[in-house]
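There are two complexes below, and they share chain A, which is joined by chain B in the first and by chain C in the second.
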Partner chain A sequence: MANDTTLKLGRAGQAPGARTRVRGVLRGVWRDPWFIVLLLLAVPALYLRVSGTTPVAVERLWYWWPALMRGLGMNVQISLLAMAMGTLLGLVVGAISLSPLAPLRASTRAYVLVFRNAPILVLVYFTTYVFPFEVPVAHWVLPFPDWIKVVIGLALPASANVAEIFRGAVQSIPAAQWEAAHSLGFARTQIFRTVILPQCLRRMLPPWMNLYASITMSTALASLVGVHDLVDTATVASNTVARTDFTILIYFTLLALFFAYCYPISRLTRYLERRHARH
Partner chain B sequence: MTHSLLEGWVAFARPLGLNYAFVLDAGERAAFVHGLWVTLQLCAASIPVSLLFGVLIAAGLTSGRAWLTRPLAAFVELTRNTPTLVQLYCAFLVLNMLISQKLEGGNPITPFMWVVLVVSLHKAVFHAEALRAGIEAVPGVTLEAARSLAFSRVEILWRVQLPLALRFALPALVNNLVDLVKMTAIASAIAVGDVTYESIMIWSQRDNVLELLLLILLYFGLLTWLVSVAGRWLESRLRMPGYGQ
Partner chain C sequence: MPDTDSLVRLSDVHLSFGETPVLKGIDINVRQGEAVSIIGPSGSGKSTILRCITGLLRPQQGGIHVGDVDVQALRRERDLIALRKRVGFVFQQYNLFPHMSVLENLVAAPIKVGGVPRGVARDRARALLARVHMEHKTDAYPGELSGGQQQRVAIARALALEPELILFDEVTSALDPEMVGEVLTVIRDLVDDGMTCVLVTHEMRFAEEVSDTVYFTEAGRIVESGRPDQLFGAPRSERTRAFLQRAAGGAPARRRADPFDALLSFDPLRLAV
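Showing the complex of A and B:
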């Protein structure tokens, strides 16, 4: 009975808590100086639009805008796929690195060491030039486009980092919890699934999101191996238009677009970290 | 002597399916060795510059003056949340172009210097975050003691806060420096002749991408290992009983 009442109280207390939390996040967004900068930038842009005195460089930027967005879509696509592959692979590697067999642990340590200490650019070159441009599967010849090779090139360092995040999270759970669960008659896999893993997932989220932001920023390197991403589109636009003011505008737009994508992720990460620190 | 050694190596690698014949060509060997040297120079130049900027930014961030901390905080956010490659383009393709136009051709800043500047500033931001955490971890009583001994603000920062913050932040700083070494590979994007760029030049002549990439990975592995060994040595050297992690 006592349990029931606390449960009810807990639930009753949680509902408005969640709502105020959402409201708090929204208020944080409104107060964020970068959001205010964005609003302040929108005012002159609207004025130029309405008054019809748009400078040539800005007009060209609007002309190139859909192409830039397609480029950004490519970056996002690469980052999402690379992170998905990296997470799956990383969890497997991380799980092996916790195995009681020494040779398995040593091999995962070597894997993590190699892919964390290699420059990402070199790995991207590696996968782009070493893999063939098409693969024969049974009777068909499937194309192997460059952007998928970049996905693999980014997934390798991502997996090494995920493996470290996973290992760190599992090892950060006090050993006493393993012992306590053991003494209650839980098996190793049971302890892992019902006691350790739920706590790990919460701990892994902030560093995982940091990694996602960092992988997203690394997708800019795809332009160096000929993938038509945002950076490549901006370079093409700058060379086609060939005006000094347009070149300045487009490169700083590039900076702003990446910032607009990565900054909210990093703010959310910090918010989660702070919330986790209170627990 | 060296030539026969190199020949032996090529003969050893061939049965493994690796073709290192380029080391027997004097021109390509010289280009590759020069690339190794340029990467080393890039690291040697960026590490001290990044630490210097890192200390300056950290000092600014902890100064408590709004006109200094606000723009610096904005710069930190901007640098952390944009790709280094795009920053390099903004610096080299935009700022460098503007400087060249102003000076009409006589631009004294080389691409090498731009890479050092961009990479160091990028990592300086991460150094500054680590150092700031270290500065803020200095106990208040220590600062009160320093103030009661009539230390000025700069003296407190330089003689009390930074030495303690350095010990606190050293593991993070070494991590950042390892990242910095890896980051110098983007120099190849603006045709600075580092090891990556020279390798691209070589493998576009011959079909030996895998061989060269293995060499590059080994080289970066060596450099990052040296940085982490130096960091560990410094950590044990600077350790003060009862302070730090």
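Showing the complex of A and C:
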């Protein structure tokens, strides 16, 4: 919000001078929630550092920090790939679910029902233990790492959801839009491409982002099948350090890190929803 | 033998939705350059007639001709497109494309359907917008326009393909009263320019003023047709007289969109109004 107003003021005022602009940006930064969070963390950290009274748990957390970041990287990697695969697959399934052929429609219906109604943990176990750990291709043997199996395990429910989001979006476009385009002489495929799809994409974005956030949170399940993700790293760290205060601290850190990844996604979703409501 | 200058001819058209008969034998003749109004109570099949003319609905029985094209015989999409390039259609709810600007709404069909070069299409679109007094909103989006403005853009969009004939489907029924005038002015200009128009309307005075011929429909049949001064001044049928009295008396003839229509063309912006 703060950023919005800054931008608008800057544009309306027509070059209000560099100094006022810098002041405007600074004022925006002071109000930014992320800046406040950083400040709240940095000030006590600096105090501890200077006074030399850093608790042992915090020192250990600092020591484990790089490993935790690598773990978070794995979660980000799994979520991005799962959403990419899920979206591509889901669009195909969604398109087939709009087909005029009843058997095709029925098969996509079954696909969507099965994968939307399966617990994600069960799907993750399923792909991990049903798929082989390596795949022979001609003369080579390709490894099939666990984290890719988790990607597939998450991509399946994601694709079923994307298919539903797509189908719902297409069907939410009023029939009158089809009629108007027909009356202007557009062919069916042209109507779909130039009239229906562009309107669908806008409607699909907010629910798609929701799904992204929820799949991201589900990546924590990867730790249960031996993938070295953020949760797994935290567990290892907690067992190694073996101090109650460190265990408490590291799981709070875990919450904060997942929040830091998911919160911007949900903020962006809210913003897009509001923008969509206006147009 | 029908008139040689007849542009639209419907003979004994029957159409039903499932078990419900909607048109029970419609005969209409529209000559080149003529303005024809179709009036009648709600649900008498007026809008359905227009949709049959441009092939959006296919009657079970009867003949429809636009020029020398037998609409009933058109099966391929290509042939229906050729017909629709000749017949403009303006809807009650405007049905502009909300994700396109006013100008894009106007040039989309000429470029993609008519094969007109982009530059030419844009120039023509600007001229058309001036004609409906909307040249100041070229880059606006439909959601930013009032109902009357949207409807004028919709008329310009229908004109963009340079049709031989335009069908108006209750184009002022969804408008607030103060916006009806601006839209009717645009239509009157078109009629004066000699454009062939078929109007389904509840604006009795307007129909009387601009039409060459008026048809009164009730329950899927044409009850009476004739010159406006005759049909409005001295209706032959008792039912026409009763309808005109109801329309003139306190009871507004303007139709509120019925809930089923609202379901079919769900539009959150309009519901909010």
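Operating definition for what follows: the second predicted complex is superposed on the first by the 242 of 279 C-alpha atoms of A that agree within 3 Å, B and C clash if a C-alpha of one lies under 4 Å from a C-alpha of the other, contacts with A are read in each partner's own complex, and residues count from 1 in each chain.
Simple rule for what comes next: contacts are C-beta pairs under 8 Å (C-beta built on N, C-alpha and C of every residue); 3 or more make two chains touch, one makes a residue touch a chain.
What you see is a predicted model; the values in this text were computed from it and never measured.
Legend: residue contacts after superposition of the two complexes on their common chain; A:195 is shown touching chain C, with no touch to chain B. Judged by the number of chain A residues each one touches, B leads among chain B and chain C.
Contacts of A:185 after superposition on the shared chain: chain C is touched, whereas chain B is not. When both complexes are overlaid on chain A, the residue A:43 reaches neither chain B nor chain C. Judged by the touch definition given at the top, the superposed model places A:224 against chain B, while chain C stays out of reach.
Residues 54, 56, 77, 81-82, 84-85, 87-89, 91, 93, 95-99, 108-109, 112-114, 141, 143, 157-158, 161, 264-267 of chain C are the ones touching chain A in the complex. Contacts from chain B toward chain A in the complex involve residues 74, 77-78, 80-87, 89-90, 93-94, 97-98, 101, 178, 182-186, 188-189, 196, 200, 203, 209-210, 213, 216-217, 220-221, 224-225.
Taken in their complex, chain A has these residues touching chain B: 33-34, 114, 117-122, 125-126, 129-130, 213, 217-221, 223-224, 231, 235, 238, 244, 247-248, 251-252, 254-255, 258-259, 262-263, 266. Within the complex formed with chain C, the residues of chain A that make contact are 172, 174-177, 179-188, 190, 194-195, 198-199, 202, 278-279.
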